[in-house]
Every structure is written in C-alpha cells, then in structure tokens.
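Next come two complexes, and both contain chain A; in the first it sits with chain B, in the second with chain C.
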Partner chain A sequence: MSDHRVMIIDDEKIVGDMAKLSLEQEGYIVETFLNGETALVRLAEQKFDVVVTDLKMKGIDGMEVLRTVKSLYPDTRVIMITAFANLDTAIEALRGDVHDFFPKPVKIKELKASIQRALGG
Partner chain B sequence: MGDLIVNVLAKGKGLLRRALGSGQVTFKVMFSRFRQVLENHNRAIEIIADMGDKLGGDYLFDIAYIRSAYEGLYATLGSSIESFNVLTRDRYPQLKNVFGRIDRDIRLLVYDRAAEGPQAFGGEDQAIASLEFVLPYSSITLGMSHVAGGKNANLAELKNNVEIVTPEAFAITASAYDIYMRHNKISEMISALGGNDGPYKAALNEIRGAILSGAVPPDLARAIEGAMASLKTKCGDKCFIAVRSSAQAEDGASSFAGQFETVLNVPLESMRVQEAYKQVLAGLFSDSASVYLKEVGIDIRNIKMAAACVLMVDAKVSGVIYSTNPGRDDGTLIINATWGLGAAIVEGRADSDFYIVRKGPAPAIFSKRTGKKDSMIVNSDEGGVATVKTPVSIAEINSLTDEQVLELARQAVLIENYFRHPQDIEWAIDEGGRIFILQARPLRSEALKIESQVSGARVLMKVRGNVVQRGVGAGRVFVFKHPDGLDEFSRGDILVARNDSSEFIRIMPYASAIITDTGSITSHMASLCREFRVPAFVNAGNATQVLEHGSEITVVADDEDQATVYDGILRDVVEQARRSLAAMEDVYEYRKKRYVLRYISPLNLVDPLLEKFSPEGCKTMHDILRFIHEKSVMELIDNAMRGLKGQAAKKLDLPIPAGIIVVDIGGGVLNSVEPPGGRVALGQVASIPLRAVLQGMTYPGAWDSAPVSLKVNDFMTSMMRMPDIASGSEGDAWRNVAVVSREYLNLSLRFGYHFNMIDCYCSETARNNHVYFRFTGGATDMVKRSRRIELISIVLKNYGFNTKSKGDLIIGRLANMKKEDMEKILDSLGRLIAYTRQLDAVLHDDGKVLLYANNFLAGDYKL
Partner chain C sequence: MKIENKIILSNVFNIGLILLIGFFAFQNLDLMLTKLRFVEIADDLNASFLEMRLSEKNFLLYHNENFLVEMKEKIESTDQMLDSAGTDIIRAIGKDNFELLKSYLKHYSYIVEIIRRKAGSDEFLDARFRAQGKKLREFSSTITRLERKGVNDIIYRSKSVLFYSFLAIVAGAVFVSHFISQKILRSLREIEKLAKSISLGNFDRIEGEIPADEFGSVMTAINSMSEELRNREEALIQSKKLASLGILTAGVAHELTNPLNNISMIAQNYLELYDKLDRDQKIDFMDKVEKETDRIKEIIKNLLDFSRPKDANLKAADLNTVMQKTLKLMQNMLDISNIETKTDLGMNLPPVFIDEHQIQQVLVNLMTNAAQSMQSGGTIFMATRCCRGDSVEIRIMDTGKGIQPEFVPHIFDPFFTTKGEGGTGLGLSVSYGIIKNHKGDIRVESKVGVGTTFTIELPVYKNQL
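Take a look at the complex of A and B:
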C-alpha cells in the first residue's frame, strides 16, 4: 500500500467516481473535484503527488490548473485527460511540462501505469 | 436451345417487372444495396462492440464519448434501414417506428432530457395504445427493465431460466404508467415539477393525491383483469398477491431498496388490486423517494414506475440471503430468517436467526445464531398483513432446519452464478416446506483490492487472440462438436469450440467461460457474451486440441489480446474478479451511464424461425441490426431466384451433367463478353463460392458411385458426358441456375424431384460470410425421403450448421466464418449435393442412415 495522494479533476462525476474506485484499489489516497476552482483551493492546503485533470472545463480549465500547479507546487505531476484531443492542445500541454496526456476514453490500466511512472515507480 | 433461352428470358423479364414493380430495380441494384446493408451492419456492430468495451469498467469515459459513439451508431443504422427499405421495397415499414422509439429512449438517457409533455407525444397515441400494459413473466427478459422495471425483469429472468421456484406473477408495465398519467392528466403536473424545496414538496403532494384519486383507464383495467383471470386459473379464486414497485431505473441498483412502495397480501379483486397499484405509482412521488432520486442524480420526470404483481406465499418462514458475505472475503454467504413474512427483516425491524454458510463443492454451516423473534408479520385473512406476537414456544428456536439452510445456500449460489454478481435475495418457505425466491438484486459490496493469486498454478495455455469479455472463469472443459451435443453441457462448464456461434446462447447463462479457436469480437456470440458477462476469448488458435474435454481449468482473460488458461480451478481468483466487477457496478454514476447499453447491446432476436423475429420484436439497436441482416439475406435469396433471368445467362460446361446456367452480376465469370446463350468453361468461373461448390460436385466418386475417372477441368470429358443427362429432355436439364458475383453465389439445382439451394457470401471478411442451404423433395416415398433428410441433417450438423427440418425439407445456416473454412464447407456441400441425388433409393431402413452418413463424412461415397 502506498500513501501517495492523487487528485482527480473532471466536471463529469463519473470520471472521478470510476477513477477513485480504481485508484483506491491500488492503495492511493484519492480526492475528486468537479471544477478547477475548488481543486486549487484544496491544493493550497494539501500536497498531492499527482493531479489528473480534464482539459476542458468551465471556469478554470486544465491548462490553468497545469500552470498553477507547475508554478506553485513543482513536485506535483500533472496528467491531462481530454475528450477533445488534438495536436495543438497536446503540444501546448507538453510545453507546460505535463507528465502525460490521454484522450478519453482512457484505459484505466494505462492511467494507473502512468501514475506509477509519475511517482518514479 | 437458343429459342428456349430467349423464351425463358422473355418470361423472366415479365416476372421480374411484376415482382419489382415499375421501379425497374435490377438484381444488380439489389445486390449493391445488400452490400451497403452489410457494410453498415459491420460498422454498427463495431460501434456497439466498442461501446460495450469502453463502458465495460476498464475505461474512464464521459458523456461526450457516449454521445459521439451513439450518434455514429444512429447514423449508420439509419442509413442501413434506408438501404434495407429499398432492398425489401418497404415491406417492413414498422421497423422505422421501432427504431424511432428505441432512439427516443436512448436520447432521453444520453442527453438527460426531461420527459416531454403530452404534446410531444401527441402524434404517438396509437403507438402508446398498442404497447402492452400487462406482461406475463414468460415474455419478460432481463433486458426489459425499461418496460417492466428492474424488479420484474430480475425475477422473470430467474423464473424463466434458473431451476428455482418463484411465485406466479405478472407485470404492469411502464406503458401502463404512461397511460395512467395521461388519462388522469397527471403528465402535465409531472413535467411542470420544479421549484425549490417548499413548492416542490407541495407539487409532489398534489401529484400523489391526483394519482390516488385517479381512475384506471378502461384499456388498462381490462388488461389487469385478464392477467388476474389467468392467475386465478393457477391459484383459485381465493388468492392474494403482493403489488410491488418495479421502477425503470431500479435496475440492479440495490441502493433503491426500500425507497418505493409495496402493498402486501392484496385480494385478487379488481378494485383492491387497482387501489394497490395506485399506491405503488404514488410511491414514486413520496418525499423520501424524491430526495433519494435527486441525490443519485435521476430526474423524477425521466423515470417510470412499473409494478410487479406476485402471488403471496403463505410463509411459515422468510428471510434474506446475501450470496457473498459483504464483510468478509472468505467464501461464505449469510442467511437471515424469521417466522412469518420477511418484511420485518427487510425493513430491519426485528431480530432474526442468522446463519453463515461456507460455499464450495461441499457447503457447510459455518455458524448459527438464534434470534429472539418476539413478533412476526402474518397475512390477514381479509387481505393486508398484521404484526402478531410470536408464540413463546417458537420465539427462540431456529426457524430453519440445517437442510433448509443448505438448500437455501445452494439456490443462492445458483442465482449468484447466473447473474455473475453477488446477490441480495428475498425468500420464503410455505407450510408445505417449499422454498420460493421472491426477489433477487445485485448486492452492494465493498471495494476490495484485486490481486491475482495465480502463482504456483500450472499454465496450460498462454495465447494471443482477442478478449471478447474480460473476466475469469473456472470449470470443466466442454469441447463443442455439434449443436445437439450442447444438451450434455453442464452448468458451470467452459465451452471450447472451433468457431463462434450465436447458437451458444442456449448455454450462455450457464457457461463459466467460452474459448473459440477462431471468431470475431464483433460477432453475435461476442455481443451475447458481453450481455451475459461471460468471460470469452476468440481466435485462441488450437484450444480445441490443447484443452481436454472434461478436465478442470481456470481461464483468466484480463488483457486485451491475451488469455491464460491454468490447470485446475482457482477459486480465489474467480471470487476476486467477481468482486472487482461488483465494486465498479456500485459506482452509481457508472451504472447510470452504462444503462444506455440496455437499449443498444442485448440481442433478443436470436432464432429467425420464431414468431417474435419481427420489427415489433426488436427491443434494442442490436435486434434491429440482426433483423435487417437476416431479412436482407432472405431477400437476396428470393430475388436471386425470381429475377435471375433478366440477366445475361450462360451455360456452364462441366464434367458432370448438372446442367447449370450461370448469371454473372459482377466478377463471377472471367471474360464474360459473349452474348447470352454462350458457354462458360469451368476454368472461367471466378466466383469463389461457386468454384468451391463445383469442386465438391465434381470430386471423383461423389457424383457417380460407379468407378469413373473424372478429371476436374477436363473439357473433353465434359463435352462427352453432356448428352447423358439423367432425366427428362435436354431442355429440362438447363433449369439449374447459379447467380454469381466474385463473392456471392445463389445456386438452385433440381435433380429429378428434389431441389437443392445454396445462398452464400464468401469473402475475406469473416463476419460478412454466410451460407444458407436448403434441400427438399424426392421421388421415393415419404419414409425414405425423411431418412435422406435425417442423413443430411447429421452431415450438416457435423459441419457446424444450425439446422431445422420438417418433413422432407431441411434448412441449414452457418455464418461468420473465415473464407478458407467456408470454401471447405462449400466443397463438402457440393459433394453432398452430388451424393444425395439418388440416395433415398438405397435408404431401406433407419440403420442405413447413420451408416451412409458416416461413410460420407469419411469420404466414402459408394452406394
């Protein structure tokens, strides 16, 4: 069991719910958020090892989450997931030092492997 | 001869015109429509498979995916229906309506639209009126929870498929809910629901009042009356029923337990049943139910309430079983029991007896605790129930004998295995000691860490192929030979077969896993496996040879393209996999989103010979696809036979006197530039299926049992043999026709008094391929003809055909097969056609049937 913390941000509840269940089975401590605003508030009070965020969200979107995390919490790795994958967003995300980038639907097994890599495992 | 053909052509054209109307649709056009149908069919099946995969619990998906996948399916299926309607000249206009209805149900879910007001349904009065308000359990399947509600669907599924006893019952459907609400003008009130807490509660209150004081519409009242009358023929006049809620979304959601209304012990009298029904409807709008619905994100306007009318059991003892102990990962189940009715346990109101039973090959009671059962609930004579004091003599003794505990445990395991998910089961035992299962629903279980504990087990096979349904299954190997053998299949066996086949549906609910040497992840069998959650693996190579019939194995198919087969039964691994699935299904959002598949994936139309194989019988998008596919093939066959003579026809030169005319509709014959009436040499035949059949027909010894040395492609031989055509005038002999393209063959042959017909599509894409074989007639007496049918049946089944026979007619079908395998089958059919020409003359007794069938299969064609 690891005590690594993973944050999931997606404006659709199902993504957070499914990810939480799957990742908790791996022993991670998982918190889910439906928007970037509340997620950033939480990040200010609790350190997370990995943040998995949706790209397109109302208000604070995935790119903004990425920028904030990279400037304030440089140790935290960010994994981006999006239903609207295209080359431009991928390049932009990669420039922003994203750890990984997945188009949705994301295979849970691959997400788990990516998180493991992010944690240096 | 030339004149004859011209005459036939003229006649044929007339027939063709009449058959096709003024539209001048040629067979070539038909054929191209058929190919469009096939292409769309494949695309649609792929989308359905992808949705099943992405929504199967292994992917994080969002609504955007579901929407885009569904829109793709909708467009593909829509265009498939267009092509189909051209192909069938609009013979199935209802199909579009059925498609529209299923589409509307899906869109309600996918776009989370609130139920539209009565105006929106205005144009569909008739459609609603024609839907059934009441259904007997015999016509309800698990996939029909949107019609009959979750409770009905689960219980009916058990009643119809599992060897347990459930009480007689019928369902009042979601359509009945619709008509009741519309008849009493409550629909408008429901669509207007909104506002914040105060006004919302007031509105709910008003709706409940309107429901309770409403009138049951005459059509619905008659339907209920009819169902009651039929129940009375089984239980007499003096019987009682429970009227229970069976909401649409109640499907599989244990968390709905206790949210809605149940009225117990209702006398089977019209007014009493109607009153109880109204109470159940009103229960949907109770404050607690609405709070709950809101919490789990269901719009109350989108849900319909069906009702389960279940015969009351005069219960001596009742209770609940959790088929997997939710608290412990130790292979046990738990049973609660109390005297009288079980309502007290269900509602958690009373102490009860408590048993833990260890599952496994030799189940045993692990522990017992006797409860202090001070009070009990019993049926009142005039209806309703009453709580009474338990007689002191029995209050503190066990309500179940050990035998009863073990029998209940056995049935619970049966049910859990059937649904492949831990179950929460309600049961009752009557004065006569008979056990009744009253309800079964998925059990909420804790999320558990999944780990494969397969170390140490011996690996029998590690194969690459395609996982159709992920999962783990353990059981005895059953190597499939032919469909009749399936009768020997035992519950829990693992089916190992050469090809995949939708015929396997018969055993699918009982199979622990399915492995096939070849197959496709988009076949009908694959869809069925996903529907039934049967771990399945196709393209496993040589599983039928490696795995020994009767041996015990565990199949772990947890990767996309790899499965591992272990020696022996690894119970822990199976149990863990089941819990993992159960855990994901406990995620409400997941279950809710996945629900859309209910309208898409299940396949209800399996057997084209059954009456329900109709547009009206289509309950899902998959059904529509299946219907279109089957009817398109049939249409093609009919048209090939009717319209063929409108095309350029040529005689085929063969070394046997089969007298075949070839009509090429594209790529079936090389250098086909000659005018009608010309000849085609065997070597010019480019049609893959025709070549294969001819190869069989001309196989040495098959056509003529006399020792002749026929050489395929021997033009001289063929010319010399032409004149000795067996029967009738020379003209008669040229009545055999092959309509061909490169990949298609429709061959109709008449020899003497019997007819053979082959319709076949044989291409590189296995799932496009089909072969349909029909044999009928014969000159000898009926008994001998039936023997010939029997022989053909044995042979066809041996090749894996699904066959149906009646009198002197036999039909065999086979589909979804690789080109090379198909060619072999066609070659064999060619030999069979040749062999059976004169066969009935020698079938003097029944014993000869098997002898000649075996001879044929062994390649011995002597008569």
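Take a look at the complex of A and C:
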C-alpha cells in the first residue's frame, strides 16, 4: 500500500467526502478542502503528490490552483474536474498542464486509475 | 347616424329654407309687379279723368257741344283701356272695385249723353254731372293711393321676411355645425385620450357608448387594435421569457450536474464498499441522496415556474424574496461569466403589488444585460430600498462597458440591440412593458467604461386597493 498524499478541492462537500472514502481504501492519505484559499495555505506547509481540483469555484478557482501548483510545486500532478460539459477549448488549453481532466459526474474508478498513472504506477 | 348623413341633412334643411324664402320673395315680387303695373294704369286713368273733368268744366262754363263730344270720346277710350287692362286691374284692386269703377264711368257717360240730348242748360243735371265726375275722380285716386301704400307694404314686408330668414339660416347653420362639431370633438377627445394611454403602454379600451357614426367605427377599430396590442405584448413577454430561458438553461443544466454528480459518487461508493460500510454510514448515504434529489427538484421547479405562461396576477409580495429567488436562478450563469454579485436588500420593506413571475423576468433581463456587458467579469450590485413616495425602489448596477449616450433613448425600443445576432433587442422593451403594467417606472443611467444602473420603482401594496 502507498502512503501517497492526495488533495481534493471542491466546493461540493460530497465530492471530497466520497473521493476520500474511496481513496483511503487504497491506502492514500487524503485531505479535502472546500475552496482554493485554504487549499493553497495547506499546500504551502505540506507536499502533495496529486491535487484533484474542481475548475469552477468562488474566489480562487481551479485555474488559479493549477497555475500556483505549476509554478511553486512542479512535482505535484493536477487533475481537473468540472461540471462544465462542453469546455472543449478550455480542455485543449489545459492539455499540457493538467495530468487529466474529468467532467462530472465523475467515475471514481477512472479517477483512481488516473491518480495511479499520475504517480507513475 | 353617420356624420356624413348629418351634414347632408343639415345642408338639405338649409337649402330647403333658402328655396322657401326664394319662393316667397318671388311671389311678393310678382304681386308687387302687378300692383306697380296697376299704379301705372291708374296714373293713365287719373290723367284721363283729369282731362274729362277739364272738358266737363269747360262745358259747364261755355256750354259748347264740342266739349261733350270730346268727353264722350275720352270716356269711351278710358272704358276701352279699362277693359283691355281688366285682368291686371282686377288682380290689383279686386273685382268689386273694378266693377264699381266701371259702373261709375258708365253712369258718367250716361249723364253726358243725357245732357247732350237735352241741349241747353239744366241746373239739376249740371250739378249731378259735376258730382259724378268728382266721385269718379276721387274713387280712382283713393284706389291709386291705396295701391301705392300696398306696394310699400309689400316692399317693407319682403325686406323683413328676407332679414329674418337670413337670421334663421345663419342661426340654423351655426347651431347645426356647432352641434356636429361638438360631437366630433367629444369623439376626438376620447380617441386622443386612448391614443395617449396606448403610447404609454396601457392598452385600455374606450368605455361607454360608442356613437353610430364614422368616429364610432374609428373607436371600434382602435379598441380592437388596443386589444390586439395587448395580446401581442403578452405573446412578446412570453417569447422573450422563452428566450431568456435558453440562457438560463445553460446555467441550470450546469447547476443540475453537481447534485447529479454527488448522487452518482455516493452510489458508486455504496456499491463498491457495500460490505465495508456500517449501518449508520449506509443511512447517511441515503439521506444525502434524498437531499440531493430535493436540490434537483428545487432547480427544476424554479425553471418551470419561470417558463410557464401566466396571465398577469398581481399580488402583495415581498420584493427581497423575489430578488433572492431570481439571483438563485441566475447564480450559475453569473458564476460561469465570472461575475460577482453583491446585494443590499433594504430592511422592513413594505409589500409591493406585483406579478412575481413578471418581475422576476424583468430582473433576469436586466441581470442578463449586465452580465453581457461585462465579458471579462465584474460585479453586479443589487439593492432594494424603501420608499420614494408610494414606491419601493430596486437598483441593478453593473461595472460593465456602459451604454453610448446616443443609444440611451433607444434601448427600451423593441428590437433595438447592439449585440447583432446575439440579441433580439426585446429584453428591455418587454421589461418596460411589464413595469408600466405595474404602474411603476424604469429608468437608466450609464457611463461608458464605468457601468450602468437601472432603477425600477414599484408601487407599495395598499390594503384598501
């Protein structure tokens, strides 16, 4: 079992709760946040291997989280989830920077597989 | 009756009056002519009588037979003259007088004949001769005098008849045209009143009795136009609502994805971890699913409420609640456009008398415009405030690109848009119609590059209404 750290950011509390419950079964250390601000504070004190973030949030949104992680913590992978169904252009733009992209509703199995790939497993 | 017919009738009446006057004037003139002709004849007669009396005097002075012959000839020619002008004279002085005149003349001629036969003077006969001549002359000059007076009377009478009928015609014409124009003006005033209220967006009807004339047809036409406009406006409101619905649906669809995703993730874990979950966890999961379904139900209900066509239904309502409901409906669309909202809802707002869904539609239109004016994000500030006079005030302020001053007078016109294919130009005109129907007011202030503020005033609900 791995002791990789995964951060989940989504203003929908259930998303974090459910992802955490499932990922903890695999042995990941999971922390959840409801907004970008608290998440970035925590990132400054703790290194995470994977950040899963919602794109659209009040205040600091997924894009800003992505930019901050890319510039400050280049080793951390970012997976983006979003409720926007057709943001093809946005996805295109993100392609180089994000590890993966999931539209809601999210398939937890696929998310887990993606995290595994991100960790080079 | 049609105005056209009324005018024709009044003209016919006046023409009739004029003809009648003409007829009387003609008759008078005719009478006057015969009288004048008689006066002429009478003058001739008088001259003859004068000559006869001259001969008579000469005879009585000189007792010369020749004078009697002369007289006899005179009397005969006069008698002939009387006969030839008989009808004219009878018409002028009447048959009795005529006969009297003739009999006097005959009597005179008879005396002349007797005197001639007797040859020689006789006191008695001479006296009778003189008396008869005098009588004849007096009679004829009396008649002449009377006839002169008659002519004068006729002239005087026709003068006054003409004068009074002239007065009557003028008075009649003035009265009739005053009466007709009064009716026309009254109808015009009604029509003007309605036209004004239509131009203000109130599609009223002309109430009360519709006259049976041309204006009646105009009023009926305007009434049906007004009704048609009202129907069109309702259709317009509905079609604009459906258009806004398109914009809203994008936001709402997104809004639905979140609870759907939540239910889906709960379900995935429930199946995957079924054996590992304890009873409480399973119950908690299902509770959450139930709550998420409520969320979906609420979103759908909002959308349906908004889209359903309804007749305007004015009720006492709390504006702040309406504002919040609308904001909820719009929230996702605003989020997507990266627009922040700030609200400043006045405390202790009195209820307003509104159709909630229509006002909601106005707010949707204004907020959509605000959002569209801030392509790269911004802030919409929404406020309610009590009270300006009998009205509650709503303000929707944005930090968008503003409206160019030359466009400001046109933004409430139907189909005015600066958005090309992207806008129908109906949002504000429909909103304006709705607010006017609420007896409210909507106005705009805008500064290019700074932002735009729409202010709405709605009447406070009064119980006694």
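One rule holds for everything that comes next: the second predicted complex is superposed on the first by the 111 of 121 C-alpha atoms of A that agree within 3 Å, B and C clash if a C-alpha of one lies under 4 Å from a C-alpha of the other, contacts with A are read in each partner's own complex, and residues count from 1 in each chain.
Going forward, contacts are C-beta pairs under 8 Å (C-beta built on N, C-alpha and C of every residue); 3 or more make two chains touch, one makes a residue touch a chain.
None of these values were measured; they are calculated from a predicted model.
When both complexes are overlaid on chain A, the residue A:Val106 reaches chain B and chain C alike. Using the contact criterion defined above for the overlaid structures, shared-chain residue A:Val15 touches chain B and also reaches chain C. In the superposed three-chain model, the partner touching more residues of chain A is B, compared with the other of chain B and chain C.
In the superposed pair of complexes, A:Gly120 makes contact with neither chain B nor chain C. By the touch criterion defined above, A:Glu24 reaches chain B but does not reach chain C. With both structures placed on the common chain, the touch criterion links A:Ala83 to chain B and to chain C.
Residues 12, 14-15, 18-19, 21-22, 25, 83-84, 104-109 of chain A lie in contact with chain B in one complex and with chain C in the other.
By the touch criterion given at the top, residues 54, 57-65, 297, 447-450, 580, 583-584, 586-590, 592-593 of chain B touch chain A in their complex. Contact residues of chain C toward chain A in the complex are 253-254, 257-258, 260-262, 264-266, 268-269, 272-273, 276, 288, 292, 335-336.
Across the complex, chain C is touched by residues 12, 14-15, 18-19, 21-22, 25, 56, 58, 83-85, 104-109 of chain A. Of all the residues in chain A, the ones that touch chain B in their complex are 10, 12-15, 17-19, 21-22, 24-27, 81, 83-84, 104-109, 111.
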